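Per-chain numbering from 1; labels A, B, C, D, E and F assigned in written order.
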């Protein structure tokens, strides 16, 4: 299941991140995946102090966003990384690693997240394309929007043809490893949030029992 | 989880079963559990034609009762068996077998069921007592009432002191093997039945998705 | 995961099914889901002998198609049912039932299937739209094409605006209940089919061990 | 499964806790569940230094009690909290939350625990009532006794009619999330403890293999 | 886990099977695995009436042997097939298929079984060798002995150098799919059979509860 | 599944460990398993500073060995302990504990490891013997070799008859609790490492998806 958050970042955050995107040092994206010949992009140099700032802006926005928290059951969040695609840059079909090296323990990537930092009309190409078997899902969000999608897919960023695609990407370890279970509990929680107040108290208690029991049962 | 059905059997069925209890041949209960020294009761002779009749009356009542069906997710029902306890008869602490020999395949007993055929004031003692760790649950139902309880407990029938305890017992193989899963889906289904009609259509559809998905996921 | 089969049905089968679509009796789609107010379509009368013929044409095509078999690990197939949507007809958002009543035992619907019988240019609207959280996937196949998708989604057929949408729909119980497991084994089997012949024998044997072990482990 | 510990706390601990119950500041129980209209009780002010002392007395008693440890496979224990119910106070039907906010990570409540601090003859009403489907289990322990029960139930404290109900409550995260698995391993361990010494050595080793393997398999 | 049954077949059965091995028609073993280049052996022609007889002798011996039944929790048994290896014949490293085509439904092979029909001193080579990672286990049983081993291994029959290796092979679908679970329940059942009679009745009942509950929980 | 590592330790490490084996203080092996009457061996005194050194030599060798890491998916490693068996010493049949007391949390022993420190020709007897049901697997490695085997077996060290058996033993908590799952992922990873480079890129990506998804799904 996918979730798109329309306004994860507001104008001030976007403006500052655009500034960082222009000023910070960017290095070849291969540094973090040296063996992947399909990755041709740039990513912020993690030694540049602006990296820390960009990471905090995006990280805080994700950790405090209610839709994100409800959907993802966040346990840990990898530090968001700014990436830049100029014309002809691309990230070919690949699947994300199950575990990212991270202290104090590897982070299991259950959900992948792209935060769009540039307005879609400022660049051509660069769509995030996720393959669900023979069916592609294509995403090119507004500036400030985020998409969360399961890390268990094959996906790609198609080549940028014009302009610059600036994004921040990150990975979430969820309390709930299994996508199907996570999506069902999210859906049930949404129903309870929207309909619970008008239910007979006895039925609210029963629904609460089911929700809490599933949460307990499925958390890992 | 336990469920008590107050009026599984109406007066005519009860009257006929009382007659059968009085007329049919009963044999030593050890025939079906020869190695259990704690079983001291009588059970209807399965060679007696009245056995077939008693089995059908109780079996049909269970299979057509909506509460039973909602709670148990019945896949198969063992033929109900009439049992009689006269003074000093008892069935000491035991757990029920996982599988009952039955054509065309063994029946897995997920739920055990006792249908009470005699009014509780007509006999002393004979309570069904189910142990949940250090805590006993004691049941002595009205004539026509049934209790369904998980087959995964230690339980006993304490000695009858006076009068005659007449019951029909049976076992249910559920679509849902795991008790916790079965109880949660039952509870969620009850909430949907009682509250679904007043929900926004969109939320009914989402709740339906969760219910159907859990049913699919947990059926074995 | 989705799979689209481009040529499930060839021209003769399509021609015959178009004839059946024109000649057979169609009834209100509510007969099979009386409580769903969003279903407004027509379905072939199962009492019409042409129903049997249509069911066999589509059923045989699915059961003998290698892509379908590889993808779905078919255990049982529900009888395909022809449905017709004329202007203003629609089937609003819903999720499919976990179990369909069917002899000798209910059929668990793990995968849903739509076979397109009319050319897409002959009708307007009528897209099958599957919601993956906030992201819709839209499908309007060529005549003779089929789409298989998990029954665990919310989906709809948007209103037809012009022309006639003729489809055949059915449900598959898979050997592998869990979608994630089913998709992974399918993917691994595809890799083995395409790359196995050039592997060292020893590695083919190891890959075979993994494939057979997963198949054994995940079949229900 | 339930377990009642008769003498978790001895007379000196009980005397000191009674003193704390009389001297410490108590606040409205709603502070920890502001949205639950059925909770009408008092709980010790966690800012009062006596809270720390009460927490340590009860916490140590639980962590060092062999029956508790054998039954619960304690991984983490929430700080026990003293609660007071004066006449008309009650805590209506509810289920406990799956996770309690707690550093460094939320605590999953698998087992709920009530320690009784007042003699049952000193107050009327106030029974802890746990619903197992249609069957209530009622508990009113002696002073110093504790009850452990699965957090996956609907339960309530019925209104106190006279006197004062003083208890300490807490929650346990178990090594074994699933209640059924936890109860089976506890039962098998009890059998091994009571019968292992008289078994042939070879059979003890086999039983040990089963116990250790189940413990490994079921721990989360 | 492996189990060797020393005397599955007695002298009369062995004599009759030796006769069948000499008289029946044998065909190239590739008929049942046409794509496996490492299989070089002979197997009895299933069109020969002697095949039926051989199948019944070995099948009945397996189905009525208590050690086999206790160990394997047999649900279905594939028809045993006589195989012959003359000098230079071999069956290279392979893993067994998860499912065998069989009416009315494919048989899942959880356990593989070889019954040795020729005395080991009458042929050289021909050892059944099972690889557990880097560690081989080698088996050459006495005439009439059987070995059961998990179908989830890579194994081979090394080339026969002299004499004739005559065996009957078959596959078992167990009630318990998972090898680890099956082996643990078998081990616990053995302990109960050997030690149960001297236990306190209360502990026997508890051990019985654990055994029946595991059987129920793990059967598929 | 078993894995033997031929040269875990090189000559300098072996020489230093032999020195430690001669100089360090050794105590009765019963100190760590006081209730096991079958354990008759010596183990290094953990208060001796040489213990720390021996622990680091063996621990580092295991943590940096690629075969070990690929096979074991190490999450935590218990400190390796030197053990000495002089004539008549032995460690009778036993299974290893599921959990070892260790800060900050008990370590789950999924894999057991023996590192051989003495050349096999320098002592008689002392074989490590692992029982897989009725079938023993016997291991007596070269100096510097290691064996990893599942902790879920019954095993023993048979009596030493002559010379001195010097080993270092330890336990591994794996990312993957279940042996069957761990072995399948190891096998699939080996195939990918050996065959991935010659595959079509698209198939490598699909194989990568399967590997990462299984790793995610099975890690605990």
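Operating definition for what follows: a contact is a pair of C-beta atoms (placed from the backbone, for glycine too) under 8 Å apart; a residue touches a chain by one contact, two chains touch by 3 or more.
Nothing here was measured: the structure is a model prediction, and the numbers come from that model.
J.: Between C-E and D-E, flag the pair that has more C-beta pairs in contact.
T.: Result: the pair with more contacts is D-E.
J.: With touch defined as above, tell me whether chain A and chain D contact each other through largely the same residue numbers, more than half shared, or through different ones.
T.: different
J.: Find the geometric centre of each of chain A and chain E from their Cα atoms only, then give the gap between the two centres in Å, rounded to an integer.
T.: Centres of chain A and chain E (C-alpha means) sit 51 Å apart.
J.: Per the centroid of Cα atoms for each chain, what is the distance between chain D and chain F, given in Å?
T.: 40
J.: Taking each chain's centre as its mean C-alpha position, how far apart are chain E and chain F in Å?
T.: Each chain reduced to its C-alpha mean, chain E and chain F end up 32 Å apart.
J.: Mark out which residues of chain B touch at least two other chains, giving numbers and ranges.
T.: Where chain B meets two or more other chains at a single residue, that happens at 152, 178, 180, 206, 209, 213, 217, 220.
J.: Which chain pairs here would you call touching?
T.: Contacting pairs: A-B, A-C, A-D, A-F, B-C, B-D, B-E, C-E, C-F, D-E, D-F, E-F.
J.: State the interface residues of chain F toward chain D in the complex, per the touch definition above.
T.: 37-38, 93-99, 108-110, 151-154, 177-178, 220
J.: Using the touch definition from the top, list the residues of chain C that touch chain E in their complex.
T.: 201-202, 205-206, 208-209, 212-213, 215-217, 219-220
J.: Of all residues in chain D, which touch chain B in the complex?
T.: Residues 1-4, 71, 132-135, 137, 139, 152, 178-180, 183.
J.: Using the touch definition up top, name the residues of chain F that touch chain C in the complex.
T.: Residues of chain F touching chain C: 180, 184, 187-188, 190-191, 194-195, 198-200, 203, 206-207, 209-210, 213-214, 217.
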